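Next up is a structure, given as structure tokens.
Chain IDs A, B, C and D follow the sequence of writing; residue 1 opens each chain.
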Amino acid sequence: MRVLITGFEPFGDEAINPAWEAVKRLPDTISGASIVKLLVPTAFGACGAILYEALERHAPDAIVGVGQAGGRCDLSVERVAINVADGRIPDNEGRLPVDEPIQPDGPAAYFSTLPIKAIVARVRRRGVPASVSNSAGTYVCNYLMYLALHAVATGRPGTGPGTLAGFVHVPYLPAQAVDKPATTPTMPVETMAAALEAAVEAIVEPGGATTAPEGTIC
Amino acid sequence: MRVLITGFEPFGDEAINPAWEAVKRLPDTISGASIVKLLVPTAFGACGAILYEALERHAPDAIVGVGQAGGRCDLSVERVAINVADGRIPDNEGRLPVDEPIQPDGPAAYFSTLPIKAIVARVRRRGVPASVSNSAGTYVCNYLMYLALHAVATGRPGTGPGTLAGFVHVPYLPAQAVDKPATTPTMPVETMAAALEAAVEAIVEPGGATTAPEGTIC
Amino acid sequence: MRVLITGFEPFGDEAINPAWEAVKRLPDTISGASIVKLLVPTAFGACGAILYEALERHAPDAIVGVGQAGGRCDLSVERVAINVADGRIPDNEGRLPVDEPIQPDGPAAYFSTLPIKAIVARVRRRGVPASVSNSAGTYVCNYLMYLALHAVATGRPGTGPGTLAGFVHVPYLPAQAVDKPATTPTMPVETMAAALEAAVEAIVEPGGATTAPEGTIC
Amino acid sequence: MRVLITGFEPFGDEAINPAWEAVKRLPDTISGASIVKLLVPTAFGACGAILYEALERHAPDAIVGVGQAGGRCDLSVERVAINVADGRIPDNEGRLPVDEPIQPDGPAAYFSTLPIKAIVARVRRRGVPASVSNSAGTYVCNYLMYLALHAVATGRPGTGPGTLAGFVHVPYLPAQAVDKPATTPTMPVETMAAALEAAVEAIVEPGGATTAPEGTIC
């Protein structure tokens, strides 16, 4: 089994992106699956092109995007990607889409095909807080998650009907928060890497696709 | 023009629901549009039946669901409803769906057809904080929003191709928070009603469907 | 009985200060006590001079300072003022004290002599969230609270041994938050004024000085 | 030089206390100073007795209390301890003081005599978020901090006029938050231990007592 894990380049005012820092620390093999690590630009368009190339080259069984969600406390396992790009700041190539569809002919949304509840359970058992998130935002993270699921749904080269895809968000690193307000939550890279490793285990080991109440009450 | 505005009954540990409290205080006419106010049960299934009846009876031009989102600070204008019901506590009829599709044959999501950015702008001009939200959760609020948009998409009686539909969330009332932690944000019912009135104005007055960067950066 | 209530002028990037907006809406009499409303500059030094003049002129039975605490959700009834001025931004006269004592010969702190737990209870009964706060900060609010208690402790003209003094903080107004993050809590001025009126009732009506567990667990 | 560092036992619903977990991982020597680690009970009264014994036995040059502040994000360096005990839940011996003075004849407060701003700066340079906190609460942490400073002020055996004393708070550990809301911030024990080590360096190395604007604006 082969798992493609992507991590974004730094964006906005940040000099570092915890997603890529954590991804690059992962071992090359997890539970017998080989791990392919891919650095992707934080840019609409460009990150998709890099993803498509990697799909063709590696034909992964699962695609796990990882991105920074400044302000969150835990490993957020995304449930759904929506067909919209709506930024608040320009991406790393200066593009600032507002209310644009990602794929004009694509569906309104794709649900993650990763075992999201099993990932949450496994990461928690590893001692790291995790939860299902119902929004991956509308920036480049959601964009890449949507594109990965659309690639599978439309049978792009390197994917098959059983290719799993999804996305997780990680908090700021401690070093990113030293000049931010005292209420900024963080997670060190070692903790993130441990959480990601547990997440991959939940994906590649059989029996992972459990379900459990993780819903909201609003 | 006729606008159907729904508000939920209290649920969980609450004795009051700010959504219905605010809805019932709305005037009967806003910017020339007649306002139909509908109390709906906080119950999967039942709230849909009540909605369908009201659609048939009133054939509204726009459907605006309103629900409580305890913990939020502002009027949250929902962008999207997703095809999943996943509760954390049972609804008012004791039902606790976990990861169930709302409509097994429905699309993964529907985008609000209300002018969400124009609503946000109008409510802010009224002096009340408002923002676009990218998740209506997975409980009865998201359920009702999904059903309303699905009703329009599938041409249920009382709807037409131009029927608008969407959802907004409101915070707790101050009285709901007196026994909650000091960090619980609230909004009085008069402020909510003013915000909802501004929201309806943005829906019924021409030129409302503006767009603007309101996106996220994760 | 006479109660002196102070409210600050706007400071920082704000064009309005909710404290003064709420204070000026108070009635002239509450539970038989006459209310003297005093606008004070948000400036170390200057606000004290104005306070001292008002003490001499009005010889109040109780002094209640009111200030803006952006980010808080409820009426925060301050327990203690500490003998330090430590700003993060200059005050309205350009002064930015860092770790300076307010009164070089004064004690490290003064406890509020208002019935803080009774105020919290009374405000909550009015339906408005309130709590005891253990820090009034280190800016002009804490400064004024310290000076008021020091004035009483040192027998400044217009005070007597039974003169009560303390401070409460109020959140942002909704209009202040329309351009702030969606997670900014607010309280409308009418709600603040109702809370302040309940607070004054708790001060002037006999039997107010109750105690109850409102403490922290850290 | 000798530094006494205390960490509390678990309390409330917790099975572990991050304070002690971090303290016990510290090296025995930091910047040439010998480190004495002391586990203290989370109990009013009892923790003081243990502290006094340790003062007599070790005659430390500096006393650094460490406690859990669930909900905080960073290393909080406390500025002040106040003369009040006001719990919300009973301590580990079942005692729940409400608005009681810690020392009936003691001053209203003691300021930390540790170089708090230098500690914050040093911890941040280590890449860990830190800030000055203006409230150590009213529970056992504030109690122990007050007692330590009172011990020095009153010349208890084992202290001298130059004995430094203060307190820092640490967040929850990740493992404590896996069953808490997704918005619960955490810090791993390794990060805490690194921060505490940097804090001790700031205390024992000359030139530490810097000052800088770290104040509040409320």
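Keep in mind that, in the parts below, a contact is a pair of C-beta atoms (placed from the backbone, for glycine too) under 8 Å apart; a residue touches a chain by one contact, two chains touch by 3 or more.
From a predicted model like this one, the values you see are computed outputs, not experimental measurements.
Undergrad: Just to be sure I understand: going only through chains that touch, what's the smallest number of steps from chain B to chain D?
TA: Between chain B and chain D, the shortest chain-hopping route counts 2.
Undergrad: Which chain lies the greatest distance away from chain B when centres are computed from Cα atoms alone?
TA: D
Undergrad: Need the CA-centroid distance for the pair chain B / chain C, whole Å please.
TA: 38
Undergrad: From the mean C-alpha coordinate of chain A to that of chain B, what's the distance rounded to whole Å?
TA: Result: the chain centres lie 29 Å from each other.
Undergrad: As a quick test, compute the distance in whole Å between the mean CA positions of chain A and chain C.
TA: 47
Undergrad: Name the residues of chain D that each touch 2 or more other chains.
TA: In chain D, residues 72 touch at least two other chains, as defined above.
Undergrad: If every chain is a node and every touching pair an edge, decide which shape results: line, ring, star, complete or other.
TA: If you draw each chain as a dot and join those that touch, you get a single closed ring.
Undergrad: Over in the complex, which chain A residues touch chain D? Could you list them?
TA: Touch list, chain A to chain D: 72-74, 76, 124, 127-131, 133, 174-175, 177-180, 182-188, 190-191.
Undergrad: For the complex, give me every residue of chain D touching chain C.
TA: Against chain C, chain D makes touches at 11-12, 67-70, 72, 79-80, 82-89, 96, 98-99, 107-111, 117, 132, 134-139, 141-142, 169, 211-218.
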